[in-house]
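Note that chain A is present in both complexes that follow, paired respectively with chain B and with chain C.
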Partner chain A sequence: HIATSLPLPSERDHLRPRIDLVVFMIDIKSKYSLKNVETSLAHVDASFFLGKVCFLVTGVGRVNACSIETNAICKLGEAYCSPMLFCELELEGVRVATAQRLLRMLQICAGYIPGVSALSFVSLMRNSDDD
Partner chain B sequence: MDETVAEYIRRTVLKIPRDEIKTMLQKWGFLSEAQLQTLNFHQIKENISQEVVHLCEENSADIKQAAVLDIIYNHIYQNKRMWSVYQMKKSGEELEYFDISDFKKKFKGTLRSALKNVTITFKEYEDNAIWIRVAWGTPYRKPNQYKPSYVVYHSQTPYVFISASVLKSNLPLLCQALIVASNYHDIREMELRSHSLNSLKDIVFKRYSQNFQTYTPKPLQGGNVEPENADIRIVQENRSEKERIHRLNQEVFGGGLQPKLEFAQYRLETMFKSDPKMDVLDKKEPFRCLVKFSSPHLLESLKSLAPAGMADAPLSPLLTCIPHKARNYFKIREKKGLLPRSFVSP
Partner chain C sequence: EIVDPQKTAFLLRKAWTLYSVTPLYRFRRARLRDYARLLGAFIAAEKQKGLAVEVGVELDIKVAVSSLADLRGSEQDQAAVLVQLSLRSQASSRNSEDKLVWSGWFCSVYGDDLSENVPEDFTCLPLFLTHGAESYTSMVGRWFQKTFDCCFRRLAISPLNLSWMVAMWAGCKLDRAASAVELVFSVPRLSQPLDISYAIHPEDAKALWDTVQKTPGEITQEEVDVFMDCLYAHFHRHFRIHLSAAKLVKVSTAVASAHCDGIVKILHSQYLSGVLMLLTELAISQIQ
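== the complex of A and B ==
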């Protein structure tokens, strides 16, 4: 399901299946994109932040067009304890690889991989710098 | 043949991309087909141009013919120049019969009576467009062939498209000649400029697809909002919003391709409204500011702003009024008392 922002329109509530993973896409070329994600985050139930939320930063290939500092984005990821993926949608190889990663995460979040749950992502988030 | 003419022809040919030289020379028609056959178009342009000049010498070309070649080049590469639009006004309402030779005579007469040293060339095209090339001199100097002005006039319309040369002082004289020749009594410059001559024509002749208000009791279902999303596994949560934006966009911009403009300029002379605590400006004077939007295709990019999520729909009327007000230069002044805010032209 694709949405431009949260909260989701209520008229489709009854048509919506269970949500296993929320991916927030931030376009590094647009400050508005970051702001939109920040406001939408407020509408997410706290239980999702146990591994069912992930940030996808796009447009990283165009270094000259960056409007958002990587620092700000990393802080966001830390604040919400959620993984941060970086990709460039315009490159097919990167696009496919990112899609595969997201799919894998989704499988885990939906419970299709025995022995691994979404909570594992939280422990993987620990940065080596922190210790 | 005059050396200056030879040099001018040589430089004009050098401007043409190599693959186009033959067709352009054929369009020119000054060299015979037999002469064109003798040219080797597979060598470097330097040599091709020399050979062309040589052939022109055989035919004793003068500046008049060279000027025609220049018009042909500029007609094909019209988008390299910046065009301004002028509108003429008639005193009466009668539609007079347009006589092209009368037009030419009066035009030449007016210009020559003021300035002896001018080169004037006409060429008519099928779409009723009359192209005029004027090379300007001074009372003491021969015309500068490298900085001519071009005028495009459609005889059944009050519009003239001018690509002035750098020598702006000749503009009033050019305008004078135009109104005398075409039997109008006044001419004014519109605030409309672009490199794309065809787009300017589309705007003033209203040839672009505009949306006329049709009465529909219920909005038509969907339309093709996202034709590329044929994958049914993708669900758009904000479909109704997307459709609203699409519908608003259609209403404002119409369905077809927009005319091609490169920029829109807004000159603001309004008061700066800041937080009183910030106290940015002490003086109670209008804050002068110039806002310029540039784009390879301004109107198409404005049209795609809302669907791309970069702006809210509907867009500001200051942006969307550009084609139907036929202007891309605006001056915005402060609201004065009870008068509604208007786009004031200079």
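== the complex of A and C ==
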């Protein structure tokens, strides 16, 4: 399901299936997309931040079109304890690889991979901080 | 500090195309006359090879290479080097002057980040600015690359850096009445390209910056963000358009103007050092 911002319209709540993973997309060329994500984050229930939220930063291939400071984005990921993926949608190889990663994450969040739960993502994040 | 306004007058009010240059190997300041001669010969040879690609690009060229002692930031910086290409005058030598057709200059203003880390035989002049036909730039660039084993790259300026520039320059105090602060945005993904030009009265822009900046002489990313957010919010209030979703392509102030393709115009000598320092920093980060 794709939405341009949160909260989702309440009219369709009863028709909506369970949400296993929320991916927030930030376009590095648009400051507006960062602001939009920041306001939308407030509408997400706290329980999602135990591994069921991730950030996808797009447009990273073009360094010269960058409107957002990378520091600001990384701080966002740290503040919400959620993984941050960087990709360039215009490159097919990267697009496919990123889609595969997201699918893998979704499988884990939906409980299809025995022995691994969404909470693993949170502990992975903490380990890289200690390094 | 760059002091002599007469020597730097040639810089002002010209559109300079920016390049980053890697350090020059075995560049000797004592040999500037030799270099001028060798570059002249190279250009003549290009003419022989029939490589004049543009109509109106003459190749009977006289080359002058000079050192601009005062054009630098700190003592660690190398003094700037100016290359000028003039058309040899065809008429009799009495009243005719050679016509300047192309200028390019290498400089470094507070480029210590780069010069600290290079071995002995290298000269660091990371910023290269050109004015004139692209064919000349290409020839001069090729000769320098061949002779000093360096590498030139066009220096593009990201929207992030452009917003730093407009915040910094809009806040500069100027004696005379200043021109408007203008930001030009390009709107992506439309069937026909759309440019939005946002002009602000310079006093309003300066007043806004003065309320945002906490420590004079210091600028932080947060302050630049607040400044830009105020401008975006004001525009949105009036026109219901989110400029933050568009691409900032050009900024223009009374101090200087800059375009994302890496073209700058310096309009005021008072802040020349500050502008060159920022451009040097951009050039260095592109090299590293």
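The rule we apply is simple: the second predicted complex is superposed on the first by the 126 of 131 C-alpha atoms of A that agree within 3 Å, B and C clash if a C-alpha of one lies under 4 Å from a C-alpha of the other, contacts with A are read in each partner's own complex, and residues count from 1 in each chain.
As a working rule, a residue touches a chain if its C-beta (ideal position, glycine included) is under 8 Å from a C-beta of that chain, and two chains touch if they have at least 3 such contacts.
In this text the structure is predicted, and so the values were computed from the model without any measurement.
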{"item": "Chain B versus chain C as contact partner of A:K35, first or second or both or neither", "value": "second"}
{"item": "Greater chain A contact set [chain C / chain B]", "value": "C"}
{"item": "Contacts of A:L106 with chain B and chain C, given as first, second, both or neither", "value": "neither"}
{"item": "Which of chain B and chain C A:E11 touches, first, second, both or neither", "value": "first"}
{"item": "Which of chain B and chain C A:N64 touches, first, second, both or neither", "value": "second"}
{"item": "Partner chain in contact with A:I2 - chain B first, chain C second, else both or neither", "value": "first"}
{"item": "Those residues of chain A which chain B touches in one complex and chain C touches in the other", "value": "30, 32"}
{"item": "Complex interface listing, chain C residues touching chain A", "value": "156-160, 163, 188, 221, 228, 232, 242, 244-248, 260"}
{"item": "Contact footprint of chain C on chain A as seen in their complex", "value": "29-33, 35, 63-69, 71-72"}
{"item": "Touching residues (chain side chain B, partner chain A) in the complex", "value": "234-238, 240-241, 309-310"}
{"item": "For the chain A and chain B complex, residues of the former touching the latter", "value": "1-5, 8-9, 11-12, 30, 32"}
